[in-house]
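Structure first, then comments.
Going by the order they are written in, the chains are A, B, C and D; count residues from 1 in each one.
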Amino acid sequence: MAAPAIPNTSILRSCLYPRLIATRDRSLELVKPLTAEDMVVQPTDDASPTKWHLAHVTWFFETFVLAKFLPGYRIFDETFNFCFNSYYESQGARQPRGMRGLLTRPSVDRVMSYRQHVDEALGRLVDLLPGDQPEVNRLIEIGINHEEQHQELLLMDLLALFAANPLRPAYMPGKPSLISDAAAALLRWSEYKSGLIEFGHDGRGYAWDNEYPRHQAFVRPFKLANRLVTNGEWISFIQDGGYRDANHWLADGWNTVQREAWRCPLYWEGYGADWKLMTLEGLRPLEMAAPVCNVSYFEAEAFARWSGHRLPTEFEWELAARGLPPHAVTFTPELKPAALQDNEQLLQMYGSVWQWTQSAYAPYPGYTPPPGAIGEYNGKFMVSQQVLRGASCITPPGHSRPSYRNFFYPQQRWQFAGLRLAADI
Amino acid sequence: MAAPAIPNTSILRSCLYPRLIATRDRSLELVKPLTAEDMVVQPTDDASPTKWHLAHVTWFFETFVLAKFLPGYRIFDETFNFCFNSYYESQGARQPRGMRGLLTRPSVDRVMSYRQHVDEALGRLVDLLPGDQPEVNRLIEIGINHEEQHQELLLMDLLALFAANPLRPAYMPGKPSLISDAAAALLRWSEYKSGLIEFGHDGRGYAWDNEYPRHQAFVRPFKLANRLVTNGEWISFIQDGGYRDANHWLADGWNTVQREAWRCPLYWEGYGADWKLMTLEGLRPLEMAAPVCNVSYFEAEAFARWSGHRLPTEFEWELAARGLPPHAVTFTPELKPAALQDNEQLLQMYGSVWQWTQSAYAPYPGYTPPPGAIGEYNGKFMVSQQVLRGASCITPPGHSRPSYRNFFYPQQRWQFAGLRLAADI
Amino acid sequence: MAAPAIPNTSILRSCLYPRLIATRDRSLELVKPLTAEDMVVQPTDDASPTKWHLAHVTWFFETFVLAKFLPGYRIFDETFNFCFNSYYESQGARQPRGMRGLLTRPSVDRVMSYRQHVDEALGRLVDLLPGDQPEVNRLIEIGINHEEQHQELLLMDLLALFAANPLRPAYMPGKPSLISDAAAALLRWSEYKSGLIEFGHDGRGYAWDNEYPRHQAFVRPFKLANRLVTNGEWISFIQDGGYRDANHWLADGWNTVQREAWRCPLYWEGYGADWKLMTLEGLRPLEMAAPVCNVSYFEAEAFARWSGHRLPTEFEWELAARGLPPHAVTFTPELKPAALQDNEQLLQMYGSVWQWTQSAYAPYPGYTPPPGAIGEYNGKFMVSQQVLRGASCITPPGHSRPSYRNFFYPQQRWQFAGLRLAADI
Amino acid sequence: MAAPAIPNTSILRSCLYPRLIATRDRSLELVKPLTAEDMVVQPTDDASPTKWHLAHVTWFFETFVLAKFLPGYRIFDETFNFCFNSYYESQGARQPRGMRGLLTRPSVDRVMSYRQHVDEALGRLVDLLPGDQPEVNRLIEIGINHEEQHQELLLMDLLALFAANPLRPAYMPGKPSLISDAAAALLRWSEYKSGLIEFGHDGRGYAWDNEYPRHQAFVRPFKLANRLVTNGEWISFIQDGGYRDANHWLADGWNTVQREAWRCPLYWEGYGADWKLMTLEGLRPLEMAAPVCNVSYFEAEAFARWSGHRLPTEFEWELAARGLPPHAVTFTPELKPAALQDNEQLLQMYGSVWQWTQSAYAPYPGYTPPPGAIGEYNGKFMVSQQVLRGASCITPPGHSRPSYRNFFYPQQRWQFAGLRLAADI
């Protein structure tokens, strides 16, 4: 008689590994529309080549999981550590960030073989492990989330590349927008009371180190806009001379406006005539009711000041987000922020554009970086940047939660970032 | 019978005006050791010429007080608005910041006449005003505090100038230090409890707009070092490879260390041998027990991490400072931070070096800039900078209070800045 | 009875067109070892992507020949004029030079179709033209020579790309060098007499506009080295402190040495140990007897001064080259300069490395740019550059003649350039 | 009976020493209108402070004459070698060029004492030497000419300083111009025949090393304009779109025009309205008939091309100048180039503005730098610059001769440079 089946009850096998496979597959799905040429070029110092993203997230699994936990694992190629380490000083020297685009070799094909090699080895590791080992589980979960973050970066960086191409290629064929004539939802305000409130992640489910520790902070009464600022409203700002009046701007912002000759958000074209917007679907007419996107903190802050309001703090945003029903965010292939179509209480909290907050990116009280090389991440960037909350239309699922903290420098604007207004009561 | 004398009871006459005169005189006192040549040159883009400081603070009184409130006031020279406006966009075009040092004309003599012209007019204004006018009082008090701030800047900038001079001139003749052999006070820790506490200025006495509004913030239990980090301790950091190990540093900090080839604090000389320190008293042997000075935020943060501690938040510092007995800080001509000489509970909170905090410079909840051109100040700098607390040995009296917020960019280090350690309990 | 065959006696058909086809084919031959990824990336601002070279030379034929002389010619793609114009201001706006590497679209495949489209049209043009038309012949001949120049640029730029790749890929598999132990030929000197001599091209065969007009110049007695300076001799220069002693250098050169931290020629690796050289065959041991390559004018001039000699003028070089027997230079796939193997009077005049001269690149007396857009070339670069004479191991055949003038800025060194010594008698 | 007077027949005493005294005095004369503040500031990296010029020329006499030839000479201040060495690598480390303006100490007064100390020592040297010593005489003559060159630099640099000052100060009070309405002389051409001609200095009287050796060069027939290009003609160039049409420009020139946003010569103000010119006499109306000044080589070359002519070579200029009667050029205090007032054959060859030639600055055939530290001068600058001939209205007497070679980079334009047209016959 056959032995009774032993149920595969480990979290790794039943839960993490399927997610791992799905995540790894999704990366390949994302690059299907691209040629090898598209995947090798680096558009700016900030942005990385597609191929580099594909290899780097694979290197992460190889370096932090396989090399440590899979007995007899063979490093795919010893030179890859130099090529695809991002900034882990503890992992040794690496290709300078601004020169990632010079790596025409290893080829895309070889990077695909690398992915396969590592995927197979991850499968072997799952088979070999008798049950859950917390450290392995933790690292695989980090690796999944890490790869998902790079899926968003990959699309951001790709748009930067295609926007610098005179042909203005489309990553995906555009479908006629159904909503370009829709008016934005009426601007309404939700009000919130004062209190000493707990913020940060509660430990249920995955979170990054920078969402910890959960801690108390005092919030004063405030109100928050039900929806994001729209392209149409941004045009009013432009027409009112917003980019020409120093009074709206932080001093550093005004210097940037002048030095970079900013006159509109990144990817807007056709100043003074019919506005066009460069998107992952190619060059499209600008939709008035869609949320403004690809603005810097300097611009968001100036707009808020000009409008008589302000940006929310990250805690105000988190407090407001917390009250929402579980949000069914799926990774629909919306490659540009959609205009508003429904009428909930608080709209567009996730899945449209990241929302600048007035909070500087800083460690929470009691924060300590995780041990080991992994700990280099997050903590070492906690200065001179601003927190964004929410999630954008190109953010993978599972990255939309009230406590999630994204961060960029105040002058950066190639990420999918917009704003939601707030005010004191 | 003679009318009874009406007592001069206005605050302006009895209190503000004498302070005004004293402040104006002190500026002249400060520049006595300088030649006209010393006063015209601009050492770096960040620092300004002495003459420019003397004229700019005078322009402030002329523009915001005399031109508005003294009937018939004659502008001393119409070209000075262009020459000596700092960054008030509302006051029109101005000499670019990096070109202030090209103003060999107007001469120092003419700037001195300008000061006299404005001082006399301020005297007439005081005579003319029947009693206190809140707006005038407010502006004069701002002007006094503004000039005092520039007195500190003037000395910082002068040290930058003299440090770049191969002769290493002394601003003031050095007196032999009595304390160079003294050991620093034993490092002890003061502990503080958790609580929801009010921060910011309470409205009694002068404060800058950025110290308002008073508001509640939640503080967790922490401890604070009784004294500042010393030069001797900094040498340990250097000897332990502090400037060569990326793990201690924020990513931006590490980039700066490499780009600028930092190997020690600014103004230290003689790497690897007998350390010397360039000070306002000239080039002096480095005192081991004196607080380290002229370090950037990046360096202070790296040191704290290396030492196993952290920098305090600005609220922790303020809470600790609040419990102190009224501090008798006088403007003694100590031109370099002195080593510790006594044994109080918390030492060197003021009068030694500004102390970096881990708090980004941001508006307090509910902050609104003051109306008018004056409002351009402070608010427009609230991004990408870090708060420093305390006061330095070159800070004028009256700027030492628990709620005072100084701020600089994390890479800047020509200001008199050091650090005090903190830790969670 | 059949009509008597009309002999195809036009120069175009009998001579130019076969050369055109051969040249176009050779470009395709050159890129065979490359992947599409290799062909899209731009290594530096100076260097261009392979794909760009392939398309630009094709655009040249389309724009200056087909669009003007082939009735009914259909422009392949209207966007290509923007993409692949190099610097012809008269042809309109274009992709900025430093952003040529962002053109992941049009793809390599599409550029190959472009080449085919243009090649076919050129064939039709040849068929259609009844006989020789001087203007067409001239433009086709220019186009051939232009494409040949880009064949050399393509290889130079490719080496720059591969040298920046941590894998140090080989463009072609290296064959073991047969000559690495060979001593360089003994240095001997050829002497030349003074005279008023004609220089410049004599009009027989093709020449660039900058080789005209033929004109007289006076030359004083001089002597010229029979061979090029070798790697072994360059090591003596390095070991003698050549890169550390300002006295050998022009002032601009010394500034460059310090700013760029030059310590050896470009592509040398392993300072202080076993020297390696990055070549189109990959990283190879440095051959002592091979001519030094990839040195700047600053370095060549400093070496000559250090050695007690000088660089020749471009006229001295031309005079010496003129006396040589017709040189059998074939386009052998020598991808790095070979060491000397034979024993002629003057060795290595062509086919090894370009040779810096002390002559600034300037128009010859009476020079006038050719009419039309073509005339933008050559004339507009006649300032701040130095003339190089000879031809390198990657120079196509037909570009080796006494009057040929190559030119680069004195700090550039990614071209295959070395030096030959001269001296006054 | 008294000994018969021994006549003072040495060249040093009878000729050089009086010239030395006159030159040294003239430097002091030149700075009389300046304050100490004017004298310490450095306007740009290229230009130096007045005080630095005064000290550097003195350091030259101290270092190369007194320290070597006056027994027992006491160095005035050992720190001055670091402060006032310009670029003599052999004389040791020095204040970086861009930081000369930070030298508020030593003061102007101390530099004046330095001058006096050195002048007295030079007097003692003259008394002590029994007769002429060729080496001493040579060095003193070089020192005189060197100081004279710095007198011109001093005025150029001063204008750069005052032009950056919003007050636009006048170095000297302007006298009403008598000639502003005068038409420029009719443009006429002098023709010259072909020939193999000797160029360079003939050894009679002083010359710089770069004027040697005298050598033959072949000149083709050419013609030269009798006068300089005027401001009025330059306005035609501007109005014809000269600064907006790439076709007129060298490629490097066009890049500079765009990067620097050039629209007119340096020091012209009031674009599109009444042109004003900043001069050493302050801001003045632009005189149409005066020669254009403060234009770069790029501009001069573009103008010449636009006008259908070209710039002369340095040999053409020298040949034309050689035929002129001895020119009575005196150092009249004309601080801006005057319009033409008389009617000679060739006008304005000296004493108005330096004239750009199309000749790159290169060594003459057989040139060898003089031995010793002095030899660092001239030779080390022979790359990437263009030769100017003639002399300007601020050039001291004795620097106006046919063989004199001045040189600047093609983008520089703070020197007093204009142009004279030439053409082939």
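The definition used in the following text is that contacts are C-beta pairs under 8 Å (C-beta built on N, C-alpha and C of every residue); 3 or more make two chains touch, one makes a residue touch a chain.
Bear in mind that the values here come from a model prediction, so they are computed numbers and not experimental data.
Asker: Could you tell me the least number of steps, going only between chains that touch, from subunit B to subunit C?
Answerer: 2
Asker: Show which chains lie in contact with subunit B and also with subunit D.
Answerer: Correct list: empty, since no chain touches both.
Asker: Which chain has its C-alpha centre farthest away from the C-alpha centre of subunit B?
Answerer: Measuring from the centre of subunit B, the most distant chain centre belongs to C.
Asker: Tell me, please, which of C-D, A-C or A-B gives a repeat of the B-D interface, judged by over half of the contact pairs matching in residue number.
Answerer: A-C
Asker: Averaged over CA atoms, how far is the centre of subunit C from the centre of subunit D? Could you give it in whole Å?
Answerer: Centre-to-centre distance between subunit C and subunit D: 39 Å.
Asker: Let me have the rounded angstrom distance from the C-alpha centre of subunit A over to the C-alpha centre of subunit C, please.
Answerer: Each chain reduced to its C-alpha mean, subunit A and subunit C end up 47 Å apart.
Asker: With chain centres taken as the means of their Cα atoms, state the distance from subunit A to subunit D in Å.
Answerer: That gives a centre separation of 60 Å.
Asker: Note the residues in subunit C that touch 2 or more other chains, in rising order.
Answerer: Expected reply: no residues.
Asker: Kindly provide every pair of chains that touch.
Answerer: Those chain pairs satisfying the definition are A-B, A-C, B-D, C-D.
Asker: Across the complex, what residues on subunit A touch subunit C?
Answerer: Touching subunit C from subunit A are residues 35-41, 43, 51, 79, 82-83, 95, 99, 101-108, 161, 164-167, 169.
Asker: Which of the residues in subunit B end up touching subunit A in this complex?
Answerer: Result: residues 87, 89-90, 196, 215-218, 220, 246-247, 249-254, 297-298, 301, 313, 358-360, 362-363, 365-366, 376, 380-384, 386, 410, 424 of subunit B touch subunit A.
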